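Structures are listed in the sections that come next.
Two complexes follow with chain A in common, the first pairing it with chain B and the second with chain C.
Entry: the complex of A and B
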């Protein structure tokens, strides 16, 4: 899998941002320090990414924002993936009435418009720190994953090795955890990655809508602060460009990883890569 | 004769099941709308009444009080009684009174905002789907060609960029730096509203940039999906057969490969149409466009609960309806669904 350059580049970018989120705030300087000498300044040697209208260093904020955004993204992904496993796997494995109930639940969450729903819930909940936001995002973002896991568990549950173990007399609990789940790790990790990116994007969207507590620093709250202070109308582009670019980079990295994995598992897509096409054409012409 | 009959009954059984699901989902949405304000700490209906009296400076009329309590919970009634009141209120099309725009009913404000959203998001959704799908077919048909090698990575990057950020950037470049488009709003406020040429022109002028940003960030998703489906379809036997028969490449590409590759995209498209009502939330906020999304945003900022509830109900029902239509269309388009039931 690491042979694919897409997977390699994607994973390196993701690793970089994870490291930035963990160690960044140690080296990044104080994101809240106000430098009154430098207000709304364009990028310079003193402030590589420029300063906000409050004289805060945009670079330091972007680094601190990595932690805020990644924290919400990872938490939301953990919650969403867990629910997806808890709903999807039993539905596919047991079938029958269990499946009917759980599948109805999944379909319900699948068709509900998620963003307005999150907005409404967040509107009622008072005090929305990163944990509450991650919880809300995870609670409403598990249905797609549950559907995939259900289909996979359904096909696994009737395979020979599961049936054999069942005839040996193993309890369902053990069959699910020791026979079915290990075969789903690939799906689950892809789902987790997807959920993390979705979480980062959703957090940014919610922060932009002014839902999240503006005291915490994340890429979303940075863009929201810029929007609130009409940075666009005053030409302070360095305020909102870096955080958005970071989100785009992480999203691209995750898509690259997914593409690479797809190409490894689906030969038809691998055949469609330009390098392969050019190579084949050369061979054919020779 | 018998087979025709079986196909028909299977189809009806499938449709009836889907219809049942959507009815249940609609019931769940209405139930959620009913329960949410009642589950939250505090008593929203008293808060709303207080807010109304503060805004208007007068006592709330008795019938408004009844309507608010029906929708947001009457502290003196039990839950079953409350739910009955709530349903009666909804069946009259009464969504309550907006707190911020007292005493305008929520339903009126929603009807005012709806055409703006439908016009902006409806046209852009169709445009983005058409462009993306067409380019996707071409890219997937000649997978690995130069066009594919440029378009596909570019749209991959595009689909990972947060939409509102693109919109902000566009607003800054075209609205602020170049000054080509207005910075906010949906029409020129100085012109009288109506069917005049000048007014239509101002609506168009205000709508171009929001529309362009939506198309720009949405077509990539359609392109990627369609491209990958086409790549997979191109290698099917019936495509090879069509080519062997000597049909023109264009005919094989569109009538054979694309038609089959399009099924998943088509379902997505029908669902996207349902999302039209609530879909352009972020667009409308960035450009201060007077549609449903902006209404919801304003309601949220000012804690206008009746408005939030009403808009959410409308958005959800629209999505459910579109999903139902998507299912119906799918039955017509894909014979395999009919066979399977």
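Entry: the complex of A and C
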């Protein structure tokens, strides 16, 4: 999988941003410091990315924003992926009544108008810091993943090796976690990446709509602040382009990685290869 | 004669396929005795795997019952699997590619034996792998590092950890290299002799059945057509289908004549969605009578434990 250049570039971009989120704020300046001498200045040597209306350094803000955005993205992905696993895999594995119940739940979340609901919930919850935002995004964003995992678990759990271990007396819990789940790692990591990117985007959207606490710094709140001060009309492009570009880059990285993951974990391709092997063997025998 | 360990009594299995029904197994009766090997012979699609999976309780029978130690089985199969283990047709599919051989055997041992220490566990695992004639070094390999025959041995070792009474082998050698098939058959033979296992050996090739088994049961299009001790059945087949099957299988003793026959001689197996009425073999039977077209032949018990489903024998 790492052989594909698409995957490598995509992962490099993501790694860059993760590193930026972790170490950036240590290196970068104080994103909240107001430099009264430099208000709404274009990029210069002093302020490489220019400054905002309030004299804050855009570079420092972008770096701090990476932390805010990535934190929400990763948290949302963890929550969403976990729920997807806990709902999707047992549904596919057990089938029957368990499946019906869990599938109903999944479909419910699948058809729910997510954005309005997020708006309502976010408006209702007191204090919308990064953790609450991530929780909301994760809670509303797992259903697609659960459906994919359900389908995969369904076909896996009737495979011979699962049946064989069941005959040996392996309990369901271990069959799910030790026999079925390890085969889904490709899907799960793809899902996690999806969730992360989706989380970053959703956070930006929510911030833009003014739902996130404006006290926390993320790419979303930056764009929102720029928007509020009509940066576009006033030609302060350096204020909103860096965070926007970062979001776009993350999106690109996700697409690139997905191409690679698809090639690796698409079971149809793999199955096709296996059946070809079996068929050729049969022909050779005959 | 001792009591059967595992019995199928008049079991049928119908699968729903869209709006139609696939009558994969119809009215099958079979008994497995300790220390005896029964071969189930039939061409592809005759319902052998379906019957094996019924016996392994992967499906519930549409009608009829499975009996273990003389009692009809019901409820959760956990206890059942202490007595009955199935070896799958495809050794490439029945080991999880992500687990080493050791993991498979250790899990089986832990689930079925009280192991006191790591040393104890190791000892049992080594014992198992040696029973299937594999060296200890194979324990730390992944399935993809093994040949088909070696995998099938590991699968058998894992099943043996359970110390079952019955081993069901669903064409255990059909996907193996010709060169190692004989070894596998000898391994099965040894298990029967050492452990007194009751063995069901499923195959589509009558030559390997002839080599291994004590009794033979022939299936055609989901129905059993004939059964009995192997020498008698092979030397003097009573059912026209068995005759065809034996005639078309290569037999070194009968010389070249058989090369004239090949699988095509057996013709197309009938559809199981809409099987022929009466005897399912009647469209191809050279001696079919009127009654064959309308009524399914009942089981006719003959001498020496032989039986058949054919109007010819019933009429006599």
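In this section, the second predicted complex is superposed on the first by the 262 of 286 C-alpha atoms of A that agree within 3 Å, B and C clash if a C-alpha of one lies under 4 Å from a C-alpha of the other, contacts with A are read in each partner's own complex, and residues count from 1 in each chain.
In the analysis below, contacts are C-beta pairs under 8 Å (C-beta built on N, C-alpha and C of every residue); 3 or more make two chains touch, one makes a residue touch a chain.
Note that the structure is predicted; figures quoted are calculated from it, not measured.
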Review point. With the two structures laid over each other on chain A, which partner does A:159 touch: chain B (first), chain C (second), both, or neither?
Key: second
Exercise for review: Would you sort A:256 into first (chain B), second (chain C), both or neither based on which partner it touches?
Suggested key: first
Review point. In the superposed arrangement, does A:87 touch chain B (first), chain C (second), both or neither?
Key: neither
Practice item. Have a look at where A:168 lands relative to chain B and chain C in the superposition and call it first, second, both or neither. Key: second
Check your understanding: Does chain A have more residues touched by chain B or by chain C?
Key -> B
Check your understanding: So, A:179: does it touch chain B (first), chain C (second), both, or neither?
Key -> second
Practice item. Could you tell me if A:227 is touching chain B, chain C, both of them or neither one (first, second, both, neither)? Key: first
Review point. Thinking of the overlay built on chain A, is A:119 touched by chain B (first), by chain C (second), by both, or by neither?
Key: first
Check your understanding: Just chain B (first), just chain C (second), both, or neither: which does A:107 touch?
Key -> first
Practice item. Touching chain B in one complex and chain C in the other: list those residues of chain A. Key: 274, 278
**Study point:** Of all residues in chain C, those that touch chain A in their complex
**Key:** 56, 58, 78, 81-82, 85-86, 88, 90, 92-99, 104, 107-108, 111-112, 155, 158-159, 161-162, 175, 178
Point to revise | Residue ranges of chain A in contact with chain B within the complex | key: 104, 107-108, 111-113, 115-117, 119-121, 123-126, 197, 201, 204-205, 208-211, 223, 226-227, 232-233, 235, 237, 240-241, 244, 247-248, 250-252, 254-256, 259, 266, 268-269, 271-274, 276-278
Point to revise | Contact set on chain B toward chain A in their complex | key: 21-22, 24-25, 28-29, 36-37, 40-41, 140, 143-146, 148-149, 156-157, 159-162, 164-165, 168-169, 171-172, 175-177, 183, 228, 231-232, 235, 275, 278, 281-282, 285-286, 296-297, 300-301, 303, 305, 308-309, 311-312, 315-316, 319-320, 323
**Study point:** Complex contacts: residues of chain A adjacent to chain C
**Key:** 159-170, 174, 178-179, 182-183, 274, 278, 281, 285
